[in-house]
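In the two assemblies presented below, chain A is common to both, partnered first by chain B and then by chain C.
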Partner chain A sequence: MNIVGIAACTAGIAHTYVAKEKLVNAAESAGHKIHIETQGTIGIQDPIPDEMLKVADIAIIAADVKVSGKDRFQGIKTVEIPTDVVIKSPNKFIKKIEEIARKGD
Partner chain B sequence: MDISIENFLDEKIMGVDLEAETKDDAIQVLSKMLLNEGYINNIDDYKKDIYYRESLGTTGIGNYIAIPHGKSEGVYKNGIAIGKFKNEIPWETLDDKGVKIVCLFAVRDEEGGSDMHLKLLASIAGKLGNDNVVENLLNATSVIEMTNILS
Partner chain C sequence: MSAYSSKKIFNILKQHALTAISYLIPIVVSGGFLLAIGNLFGGENIESINESFNFFDTLTTMGGLILGLLPVVIATGIAFSIADKPGIAPGFLVGLVSINMDAGFIGGFIGGYIAGYIAKYLRDKMKVPTWAEGLKPMLIIPFISSIIVGLIMYYILGTPISLLTQALNNFLLGLDTGQTLLFGAIIGILSSIDYGGPINKIVFAFLLTLQSEGINEPMAVLMLASMVTPFGFSMSYFMQKIFNKNIYTQMEVETLKTAFPMGVAMITEGCFPIVFNDLWRAILSTGIGGAIGGALSMYWSAGSPVPHGGLFAMVTMTNAWAWFAALMIGSLVTGIVFFLLKKRVDKDAVKILTEEDESDIDMDDLIVSK
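Showing the complex of A and B:
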């Protein structure tokens, strides 16, 4: 599965990046391809490449604040979730989005 | 010029076998290190901002790790104090365990100008989300070892 997403937290200093690491590790170990963009206090890092958006099966917004560029996910099934949930149980969350993506078939 | 995580981490604000009974003790111990090494200029101002962030949500990310942080006018220089404590400290955490390693982020309250430091802090935060890194940190017995694990 191809997963794209955005991580963003309240202060934009720490949780954003913890969430990204957890998501990437959990998705990759489940055999998925994933690209997570971070929107923190430094601004946007690792913006989602267009070619990844084109092939995305599902989009994740792991955020506690408003994110920018949501419109890029138009036409892609999108799951919004607080960073805490992703940090707490990343593997469970990836399983859940696998189900959500499957339902769309 | 870019600096590496290894050069950014300061062993003078890191410690192992530290003692604290409570969350506030732990934050105080690490804040004192930050003050002594010139990272912050006022413990009370700094702690007020740390506790403000604490009030917004849990910083205990599970696996015995806590990452209290916040932007503060009390911060003079960006840095991260890392303490490994002798005993498990009660803390609000995502997995309901206590905390053994506290990574206290000191971030200047300003826009821009310190992007490189913020990138380094972000990259360290990311590593703290990695289970292997955390396991190694929990087994580390010296600040040098912790620096190597995070670098």
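Showing the complex of A and C:
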């Protein structure tokens, strides 16, 4: 599965990046391809490449705050979730994502 | 909305508040530091530019200007989070009205939600003839939402909120010793146990309201509580050497080497890897240390005019050394409790969290859309 997503937290200095790392590790160990963009206080880093967006099966918004560029996910099934849930249970979350993606078609 | 559970609605409301706070933090930190450094060197507010002023007067004045506008920042942030750009005008206005009515930060907070939802409602529901489409975002939404929310503040909500703000301040100024200790302990617990997460940020917003009224002691407690974990865990590291009970793996010791300096600057999150390896023991020891440190800091009336900065903010604090002592005692308590609770580990063990260790996902935390 191809997963794209955004991570963003309130202070924008720590949870954002931990959430990204946990998601990437969990998704890759489950055999998925994943790209997570971070929107911290410093601004957008590691933006989602267009070619990844085109092939994305599902989008994750792991955020405690409003994120920008949500419109890129139009037409892609999108799951929004607070960062702490992703940080606590990344593998279970990826399992959930798989279920949700399957249900869609 | 009706399809959403109450938890989902709460999560959405919380997200708007946190978004506003994320915009607010850099503003408040810069303003707080400007004001504090200016005050430290005898800066005074510049009333008129016709009079002479010095460098430190400019710092004090700039800081004061920023902090005085916090209700506007929070109201605009919340309204923008709810309604996007159409929320900015009514949010800005309701923040100004809130200042005007002495309804302060709480007024800006509540007003921001009202402004945002009115703007969103108009944006999504209002039908206008085709010729007026261009006027809708430019004129109609900002004007109508501003006037509605402004009038709601002046005629309905502003006065009760301003009375509430006053009552709260009087209550906090009049605490006796036992209440002071208890209040400090509660703030200490709430702002430490989720390691800079949403509970901490909501307490932070509340304490900012107090800070804008000149009550600086609770914010000192929050700062301390954010630091007991990195300091305390580092103390546990030395205890394991002294008492020959190994509680950290080699990887966790490496983590501490970056977590400690981050802790000095009041960033707790460096401790995450250690916390998540042993969540409940970590939360318990942090909470106890935060409570004791917080109670002492309140009792010794240490106050911080800036809301962030850790040890660097000490130059701006009142009773800074009392605050430092409270921090050390709180950290020591966290360190001891953590050291006692932790099981002995092999220092070369690498703990790998498996899926079974993770907590289940509450479907109410998810929002799925296409």
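Keep this in mind: the second predicted complex is superposed on the first by the 105 of 105 C-alpha atoms of A that agree within 3 Å, B and C clash if a C-alpha of one lies under 4 Å from a C-alpha of the other, contacts with A are read in each partner's own complex, and residues count from 1 in each chain.
As a working rule, a residue touches a chain if its C-beta (ideal position, glycine included) is under 8 Å from a C-beta of that chain, and two chains touch if they have at least 3 such contacts.
Bear in mind the structure is a predicted one, so any value in this text is a computation, not a measurement.
Colleague: Does the chain A-based superposition show chain B and chain C clashing or fitting?
Modeller: Chain B/chain C on chain A - steric clash.
Colleague: Which one hits more chain A residues, chain B or chain C?
Modeller: Of chain B and chain C, the partner in contact with more residues of chain A is C.
Colleague: Report for A:10: first if it touches chain B alone, second if chain C alone, otherwise both or neither.
Modeller: Once the two structures are laid over each other on A, A:10 reaches both partners.
Colleague: Looking at A:38 after the superposition, I want to know if it touches chain B, chain C, both of them or none. Which is it: first, second, both, neither?
Modeller: Once the two structures are laid over each other on A, A:38 reaches chain B alone.
Colleague: Mind working out whether A:68 is in touch with chain B, chain C, both or neither, as first, second, both or neither?
Modeller: After superposition on chain A, A:68 lies in contact with neither partner.
Colleague: When the two structures are overlaid on chain A, which partner does A:19 contact: first (chain B), second (chain C), both, or neither?
Modeller: Once the two structures are laid over each other on A, A:19 reaches chain B alone.
Colleague: For A:88 in the superposed arrangement: first (chain B), second (chain C), both or neither?
Modeller: After superposing on A, A:88 lies in contact with both chain B and chain C.
Colleague: Do chain B and chain C land on any of the same chain A residues, and which?
Modeller: On chain A, the residues that contact chain B in one structure and chain C in the other are 10-11, 13-15, 18, 41, 64, 84, 87-88.
Colleague: Quick one: in the complex, what on chain A touches chain B?
Modeller: Those in contact with chain B are residues 10-11, 13-22, 25, 38, 40-42, 45, 64, 84, 87-88.
Colleague: How about chain C: which of its residues touch chain A in the complex?
Modeller: 11, 14-16, 18-19, 21-22, 25-26, 80-81, 194, 196-198, 201, 267-270, 272, 276, 279, 354-355, 358-362, 365-370
Colleague: In the complex of these two chains, what residues of chain B are touching chain A?
Modeller: 53, 56-59, 61-62, 67, 69-71, 94-95, 105, 107, 115, 118-119, 121-123, 125-131
Colleague: Under the definition above, what is the set of chain A residues touching chain C in their complex?
Modeller: 9-15, 18, 41, 63-66, 75-82, 84-85, 87-93, 95-96, 100, 104
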